[in-house]
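In what follows, chain A forms one complex with chain B and a second complex with chain C.
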Partner chain A sequence: MKEFLAGRVANALTPVLGVFAFLFAWWFLTWLKWIDPVLLPSPQASAKAIWDGFASGNLTKDLLITIRRTLLAFAVAVGVCVPLGLMLGSSVRLYRSLEFVIDFFRSTPASALFPLFLVILGVGENTKVAVAAFGAGLLILFNTAYGVMNARKTRQAAARVMGASPVRVMTGVTLLESLPQTFVGMRSGVSFSLVIVIVAEMFIGSTDGLGQRVINAQSIFNMPEMYATIFAAGALGYALNLIFIVIERRFIHWGGK
Partner chain B sequence: MNLSVEPIAAAVPDTHITIRGLTKSFAGQPLYTNFDLDVPKARITSIFGPNGCGKSTMINMVAGLLDMDAGEARFDGKTLAETKIGYVFQNYRDALFPWKRAIDNIKYPLRIAGRSRAECDARAEELLRSFDIRFDLNRYPYELSGGQQQLVSIMRALAPHPEVLFLDEPFSALDYEMTLFMRDKLQDIFEATRTTMILVSHDLEEAVYLADQVLMLTRRPTRIAEVVRFDAPRPRHPETLTLEAFIRAKAQCLEVFQREVRVRA
Partner chain C sequence: MRHLRRFAVVALAALSAFSSATYAQEKVKMGLFIASSAMPYFIARERGYFAAENLDVEGIPLATHPLIVQGLVKGDLDTASNLLSLEGVNINALRPNTLQYFSINCQNQKYQLEAFVVPAANTSIKTLADLRGKRIMSAPGPGNLFVARGVLKAVGLEEKDYSMQEQQMNVHIGGLQGGQFDAAYTLEPIVSMMVAQGIGRKLESGVIARYMLGRGDACAVLAGGVMSVKFMQERPQVAERLARAWAKALNDGNNDPKARDLLAKHMNTAPSIAPTVPLSYYNMVRYLKPAEIADFQNLVDQATAAGLVKSKVDVRSMLKTY
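== the complex of A and B ==
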């Protein structure tokens, strides 16, 4: 019984071991003063900066702005690219003809497109959201198309032989068959969208958002605040991913089955 | 070419499916050329032949899953569109809809046909009773065993009271115990409904055991090598396998098979 309990405790602790090890190493390095404390503040100082940021509402405000931009870009990407992906995936010829263009732009770093979007849309909210939506959209587009193309033919055949019309096969079978892959695209898309929004906030005439906060803190050497903001951005990325995994498990229980 | 069709047509006067002039080739290689076949009504016809002779291809064309290059299939004179058919796939895992519960899979063809919820429920209830189902149909297909999944597939195929039931190696992915059980189930259904069935099988014992007639096909380009009749009384049970008639029919099939395989080997 004792051993059993010890085993349970050990099992419960395993996932957080790395966190403790990381924090300890960080604290140990700052305690040894091997690294200039201006560059690497202690974990306590960073934790306090996070606390202060949320208490004063400053960090909260920037966090919410970044969330809004990320989700807006994501929503645009989903709205445009899921239907497009379904169309592309259901016509092999159409996909073949556009495959290179999609692959090319997917391989082009979206950040390289900032100047182009700046010229077209000007310095403002739209540019940040548009570039993020563009990058995320391509990920969603080809994943959706792939999902449709790799849909099991037997299930479509089964529906057809039972008398389902082409439209019903599409909406009732192919669409659902492609959903697990579409979700892979959406999950990568939302992470990608966050990356682009943060970069855009840093460099494209921004006055708010987490990216702007990081670069501001860095320029005045307010390192605790910089680390605090980096952790907030990390937590946001992690949370978005987690939310998608939960949604996926809940609604697309048949993935891979 | 189809001399063997004549005696069958005479022996089983009630023809259900007439296939005429069926022609199909893959990549320039003819598989079927002007192929004719009559399938009797309210009988089980097994199709057996060497690998690659197009057993599944044929039923897929008759069931409308694959286009014929030429030719047509009629069901009591009706077209496919006017006929209710059921189809049981070999790979039940890929044929059932994993996003629907087993019970909703079974109701799917009824909903497609625009039946009301009450009608669907009633029919599902009826199937449940006649199949004596003891597992939970509110589960998703992937939560069921292979045999249970194939049972669900068969119930789904039977739900709309099909006039013809196509079975493409339905038991080949199941273990032997389950296969024996499913053969009996299928036989029960047949006895209860007298639905015309076409069974593709790669297991000669099964092909003969279940069938009223075994359609022996040649290598490609595919023709009918022979039609072997087997009219042991139903219900058949494992003892049937030891009957003189069974052994003779199976031996005859085997002989035809070996002759056909050897022809061009």
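== the complex of A and C ==
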């Protein structure tokens, strides 16, 4: 019984060991004053800034704005690129003809395309969402198309033999076969959306959002607030990723089987 | 004759050895924010003023002012050519004796670095008060927003009377041209580019001095040359030599129009506007008048009251005379 309990405790503690090690290393560095405390505040000061930020509502407001932009960009990316990926994936020739363009822009940092998006969409909310949707969309498109192309041919053939129409094969077999890979793209896409939204809030003009909060805190050397905001952004990214893992395990249970 | 020549050679060698012992070539690291206010560095480098003091000054461009301060705090930089006063004051409020200004850039209605600009055509805006209800973009950062709002407050406009959004400098021209904003609080050389391209018209320039300091000829201190206190304490002779070279560069920057050639060469200024783009007036701290120091203090006190500086700072503690 004792061994069983010890095992349970050890299992529960394993995931947080890294967190404790990280916090201890951070605290130790600041305790040694190895880095000037003005540039690197202690974990306690940063934790207090997180608390104060949520208590005053300022951090909550910026967090919600960043979440809204991220989810909007992600929704646009999914809405456009999943159907497009299915279409491209079902025609290898069509995909090959566009492969260079997709891979080229997928390899180009989306943030480097800010000037282009600013010219097309002007300054404002649309640009931030559009750049993030563009970057995330390419990841989703690529994964969805590959999911379709790599769908098991035997299952598609079996459906055809049993008299299923091409549309039925697509919706009943190919789409389900591609979903695990599509979800990988969506999971990467939502994280990528968050990154680009925050960078856009930092550098292409914004009066709110976590990115703008980081830049403002840095420019007046409010380092505890800057780190508090960075951790809020990190926690948001982690939470979005976790939500997708849970959804994936719950609904895409046939992945890899 | 031969003895005389030998004597001359020996004397020259001795003199050279003596001077190199006195003025050994020293390496100095200077942070640069690439803007027209960095001009003294390029003047001193290209005209040999650093070399004349036997200094090897390495200019290190950094994208933001907080990174320059970080370099000064860590000791990666000894000095900086043009650090924003808000950043300088803030770090000294948080960490006293980090840096001191040894030169100050003044801007006002004669030396116009900032302006409110409206579209060149199709606008009914004639004065700052007409900005009521308008969409305004501002140069980025809390400091710029603070002065843009401060100027509008001085003409009777509260924050609820207009909408203001900060935008990176590179989108100001497009933002005004595309009609997404009715006006811009923007900085040189963007102001000159807007006017030269027929996109914008200056509504009013030198607004900080006039409206926030109360005099059109006040010295609005937005930036200046700094040295870290550590550098000045550990290498006082080198700091003095640097200041001597710097004073010559400031004099050229203020009085020699040919120095403007360097704007296009090194400071991202279009050659067409380089001869006329307004510049700030460069002062070594030793030439600052009491009224100009009071102007500096006044602006810092206003920034402190607005919550941009953590605690009250006496600017005289941040000035170093060479």
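Things to note:
The criterion applied here is as follows: the second predicted complex is superposed on the first by the 250 of 257 C-alpha atoms of A that agree within 3 Å, B and C clash if a C-alpha of one lies under 4 Å from a C-alpha of the other, contacts with A are read in each partner's own complex, and residues count from 1 in each chain.
What we mean here is this: contacts are C-beta pairs under 8 Å (C-beta built on N, C-alpha and C of every residue); 3 or more make two chains touch, one makes a residue touch a chain.
Please read all numbers here as calculations on a predicted model, not as lab measurements.
Looking at the shared chain after the overlay, A:51 reaches neither chain B nor chain C.
In the superposition on chain A, A:238 makes contact with neither chain B nor chain C. By the touch criterion defined above, A:22 reaches neither chain B nor chain C. When the two complexes are overlaid on their common chain A, residue A:176 makes contact with chain B while staying clear of chain C.
In the superposed model, A:124 lies in contact with chain C only, and not with chain B. In the superposed model, A:155 lies in contact with chain B only, and not with chain C.
When both complexes are overlaid on chain A, the residue A:253 reaches chain B alone and has no touch with chain C.
Once the two complexes are laid over each other on the shared chain, residue contacts for A:168 go to chain B alone; chain C is not touched. When the two complexes are superposed on chain A, none of the residues of chain A touches both chain B and chain C.
Residue ranges of chain C in contact with chain A, taken from their complex: 64-66, 69-70, 73-74, 86-87, 90-91, 94-95, 137, 140-143, 164-168, 170-171, 174-175, 178, 180-181, 308-310. By the touch rule above, chain A contacts chain C in their complex via residues 36, 38-39, 115, 118-119, 122-124, 203-207, 215-216, 218-221. Those residues of chain B that touch chain A in the complex are listed here as 63-65, 85, 87, 89, 91, 93-99, 108-109, 112-113, 140-142, 156, 160. Note for the complex: chain A touches chain B at residues 152, 154-155, 157-164, 168, 173, 176, 253-254, 257.
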